[in-house]
Amino acid sequence: MTVLDFSTTLGNAWFPAPTFTASGCASSGRELAQFFDLKDMGAVVTKSVMMKARTGRPTPRMAETPSGMLNSIGLQGPGIDAFLAKDIPYLVEQKARVIVSIAGETIEEYSTLARKLRSVSGISAIEVNISCPNVENRGLVFACDPEASRRVIDGVRRTIGGELPIIAKLSPDVTDLVAIARGVVDSGADGLALINTVLGMVINLDTMRPHLGGKTGGLSGPAIRPVAVRAIYQVHAAMPQTPILGMGGVSSGRDALEMIAAGASGVSIGTASFGNPTAIMTIQNELKDLIIAKGFTSLRQVIGYAHRPDEAKDE
Amino acid sequence: MSTINKNATQIVATVVSNKRVGQYHQLIINIGELAALCKPGNFVAINVGGENSRMILRRAFAISRVSTNTISGGTLELIVAPHGQGSRWLCSQSEGSTLDIVVPLGTAFGIPTEPVQALLVGGGYGSAPLFGLAEVLNAKGCRVDMLLGASTASKIYAPMEGKRAVNSLRIYTEDGSMGQSGRVTEPIKALIEDMNIAVIYSCGPMAMLSAIDAITRGTHVVHQCAVEESMACGIGICMTCVLPVADESGNIFMLRSCIDGPVMDGSFVQWDKVGEVL
Amino acid sequence: MTVLDFSTTLGNAWFPAPTFTASGCASSGRELAQFFDLKDMGAVVTKSVMMKARTGRPTPRMAETPSGMLNSIGLQGPGIDAFLAKDIPYLVEQKARVIVSIAGETIEEYSTLARKLRSVSGISAIEVNISCPNVENRGLVFACDPEASRRVIDGVRRTIGGELPIIAKLSPDVTDLVAIARGVVDSGADGLALINTVLGMVINLDTMRPHLGGKTGGLSGPAIRPVAVRAIYQVHAAMPQTPILGMGGVSSGRDALEMIAAGASGVSIGTASFGNPTAIMTIQNELKDLIIAKGFTSLRQVIGYAHRPDEAKDE
Amino acid sequence: MSTINKNATQIVATVVSNKRVGQYHQLIINIGELAALCKPGNFVAINVGGENSRMILRRAFAISRVSTNTISGGTLELIVAPHGQGSRWLCSQSEGSTLDIVVPLGTAFGIPTEPVQALLVGGGYGSAPLFGLAEVLNAKGCRVDMLLGASTASKIYAPMEGKRAVNSLRIYTEDGSMGQSGRVTEPIKALIEDMNIAVIYSCGPMAMLSAIDAITRGTHVVHQCAVEESMACGIGICMTCVLPVADESGNIFMLRSCIDGPVMDGSFVQWDKVGEVL
């Protein structure tokens, strides 16, 4: 029997398994705990939290599309204080590893959020969501602007000090993803989360108007997986030392393996949990079995494997 | 945070039967011992389209009735309208096919502790969960009157055996093809005044629920309605199914209709703000 | 019986129906003529032709993905001279309307191609493909660079004179699609084709390497439809006077209607024809029936309908 | 430009039967009068996964045999290996289900005008079209010898009735579980020398075809092989299925294996350049 080292790291944070929730797709964790034990998976990535409580976008907030869905939630949430008071203690009590995702409307807000998190125990890393296409920032998403991206991460880095790993979550809706990635890593990000949703729209043919209350929404699910794999591959090729948390349409162990081979150190599972509450555990188990079946003895050997030169062309 | 989904389980269940009833399909599904945990108002979430489906989200259906003493184990009944691709697929599943189903989900209708007078109002397939509810109320000694409405006769679901638990049943169709001609909400005001109605249970289109709320507003009648919002996950993790709901102090929150509902107190729902930014 | 005016225009070119092939998804037209009469549809958009014959990218050139596919053809083709000698006469003989798609490796090449087309009769419009992600141009795709895009269109406009409408085909893989669109229209494009494929990748889990010979490929099919609808809606909102040829995952009349309501004057059908040789005719008929069923009397009434303010909220 | 797909038609056809044969499924499909237009070497393209499928491309399968004088109209036979999602779906289709199929597609094996000696070499399910071909050759008075190979016995497809048209049949398996142990290409060199083979017809994995080409190269033996490249459209419009093929003057073109093939003259295919940039 092969023993597999299934653990992974993102910066200085260690996780027993490389399978995480995706931000915004597991609420605060409680709801999924009904279906499996949260401590059995890699980590819970919490829904992006902002300074103040937010009611989000008008409904309808979702539309199913071929092998995907659009969402336009608009970062509904309780605000950082209520989140720290209620959600973090629960997750810590469950012995879950926790990555807190933060989102701000201003560069300032990100730093303030980071300050709030600095002294909280039980957090493994911070994911900085600079890519949510649903939040209005004079029409511009942070992650679409290299300069703004850098400044957000810089602010968070300064505030948080050197302890907590910072993972910058990027949008694929840019001309030059590698340039944005380089910018945020230069500014102090320890890792990258790739990818957030792709901007999309559905027209409701009964009303003949955009279906979503927020008009546009973020496309997620298997439909975008090839885009996510490309993004991970491109960025890993350019910056092989930077750990990547891959996501976008992962719904089976083979999908997760694709991302890890492309260069991801871990994989977040979002939309798949909507169709399947136990998706994360299923994917985690399938991934483990696949890696063992391929003869690897540690997850690390697989990370970025697709970049190696072909040894044997006849494979 | 609600703990209401504590019995929710994902299982592969077998279709025991599938019959056409008017414009709907009645599906009986074997869910074994989980049947005992289902309450009127709860719903299920079903994977549709099979293994290679491009439909990635589950579809929600109200539990119409459950049966715990069947030979084949516990079963539940669904009344499914063939609406789009997913529900049509479900309606095409024949006896013996298997379904990936999460059950039971969501809040249930609150059952009064005293034997009060209850009015049950159903629109279209919304009548489905009301018959199971009627049985429970009946067993509690409540008087149960029922109003069912739909656009046309074939969209009225009112099974023979369901009527046993009901003291009276009136049917309304907009085209007059069955029962009385008109909307199911029209007689409610008079009924509340004539009879000593303590609680209205309603299930149907949002416009119907909202109209009932307008009628009960300012009265002593409690309005428990089962809302129906577009749901991506059905288990509280996606935030797509929210409704503006006020708390006792009037603060409005966007509550998830899958986990803080589908049964809600109609007087707290901000019907005029549904679909608006707060 | 309602009589529907189903015709549409792109610049000064008139088409009896708004349903076209997509460039590269109908070869030169002959192969589809086996399944229906080419003159019955809006127009044949030919495969992007370059100056010289090209053998294209190595195989494998395709991978199926959930509700989509990746292709990496690399503009295999006979070169403009053979194309003009063989393919155009055939299409003209079939009485098909023809839009010729051109692609170049240099700005110069585009102009030269335009010069070759100037005096050819039987062509309704030129589609300028500046967005193919498969062609290497020091790693940069023309359509990802506002300046290069403008210069290509400017060169073609000058060469071609004022007669033939120029449709610039753009890539969705950019941060600011509207800016690129404005640039090419300012430089003389009469219309826009939206969208070309989205850059993606699939890892082959047997070889653990990128599946496609060209590593990355273009994602097409229903998976990208929400991205295409969004692109069309955004650009039409910003430039309502510019005709748009919409495409990306259209596989039914309802999909085509979605694009037209979002702002497209015509719709190209690509990948759907692979799964269904008669897709274009089916979609054309479904679209017509849908538009009639909704009570419109001309296609023009539907173009951009989704942008109108809601008259009645209870619709 | 080839005009070979002139009979290609898209139809909805009914599955007449579906039987497991070793690791394959034998599907008989009713295609009516189109059966008369199918020639050995032609293939079909089938929609897979049903109405809500996330698989958007057709799957290609060689026509194994056709029957024009059946009561149910003309039928064709496919031998399908359950490989991935699409072929597995096809293998699960039961009698009476309907398939969206385009038929017949591609080039056919060239039939000699003289009664020559022919060697037919099949790998795995590649043997399927060879039995239909054998019948045609046999009717032309050709001597037909056949070699079939696979990794293991259950991957050898060699139906009883198919053998009637064959003068000799030898089977090779790599694990020795059926026939002789070894590769099907091993005896070819000796056979060419010993017998007066004029033409080799081959169908199977690309590596097998390429190995046969190496053997026939420099001999007078004509090598007609049915290639198998990944196909997105099957009708010549996508350019995904190309192979490097030389013309008489040695110029190399990327030809579409769906429309300029699948049957090609093996000596023109540039086997060493398959998958390379030219």
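Labels A, B, C and D are assigned to the chains in the order they are written; within every chain, residues are numbered from 1.
We take it that contacts are C-beta pairs under 8 Å (C-beta built on N, C-alpha and C of every residue); 3 or more make two chains touch, one makes a residue touch a chain.
Since this is a predicted model, take the numbers as computed values, not measurements.
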- Query: Considering A-B alongside B-C, which chain pair is linked by more C-beta pairs in contact?
  - Reply: A-B
- Item | From subunit C, the most remote chain by mean C-alpha position | B
- Message: Roughly how far is subunit A from subunit D, centre to centre by C-alpha average, rounded to an integer in Å?
- Response: 46
- Query: Once you find the CA centre of subunit A and the CA centre of subunit C, what distance in Å lies between them?
  - Reply: 33
- Task: Averaged over CA atoms, how far is the centre of subunit A from the centre of subunit B? Could you give it in whole Å?
- Result: 36
- Task: Spell out, as numbers or ranges, the residues of subunit A touching 2 or more other chains.
- Result: 66-68, 221-222
- Note on the structure: So subunit B residues touching two or more other chains come to 54-55
- Should the pattern of chain-chain touching be classed as line, ring, star, complete or other? complete
- Item | Residues on subunit D engaged by subunit A in the complex (per definition of touch) | 54
- subunit D-touching residues of subunit B, taken from the complex the two chains share: 48-55, 85, 89
- Okay, in this complex, where on subunit C does subunit B touch? 66-67, 222
- Can you list the residues on subunit C that touch subunit D in the complex? 24-28, 30-32, 34-35, 47, 55-62, 64, 66-69, 71, 73, 76, 86, 213, 221-222, 251, 271-278
- Task: Using the touch definition up top, name the residues of subunit A that touch subunit C in the complex.
- Result: 63, 65-68, 70, 144, 173-176, 198-203, 205-210, 215-217, 219, 221-227, 229-230, 233, 249, 254, 257-258, 261-262, 290, 294, 305-306, 310, 315
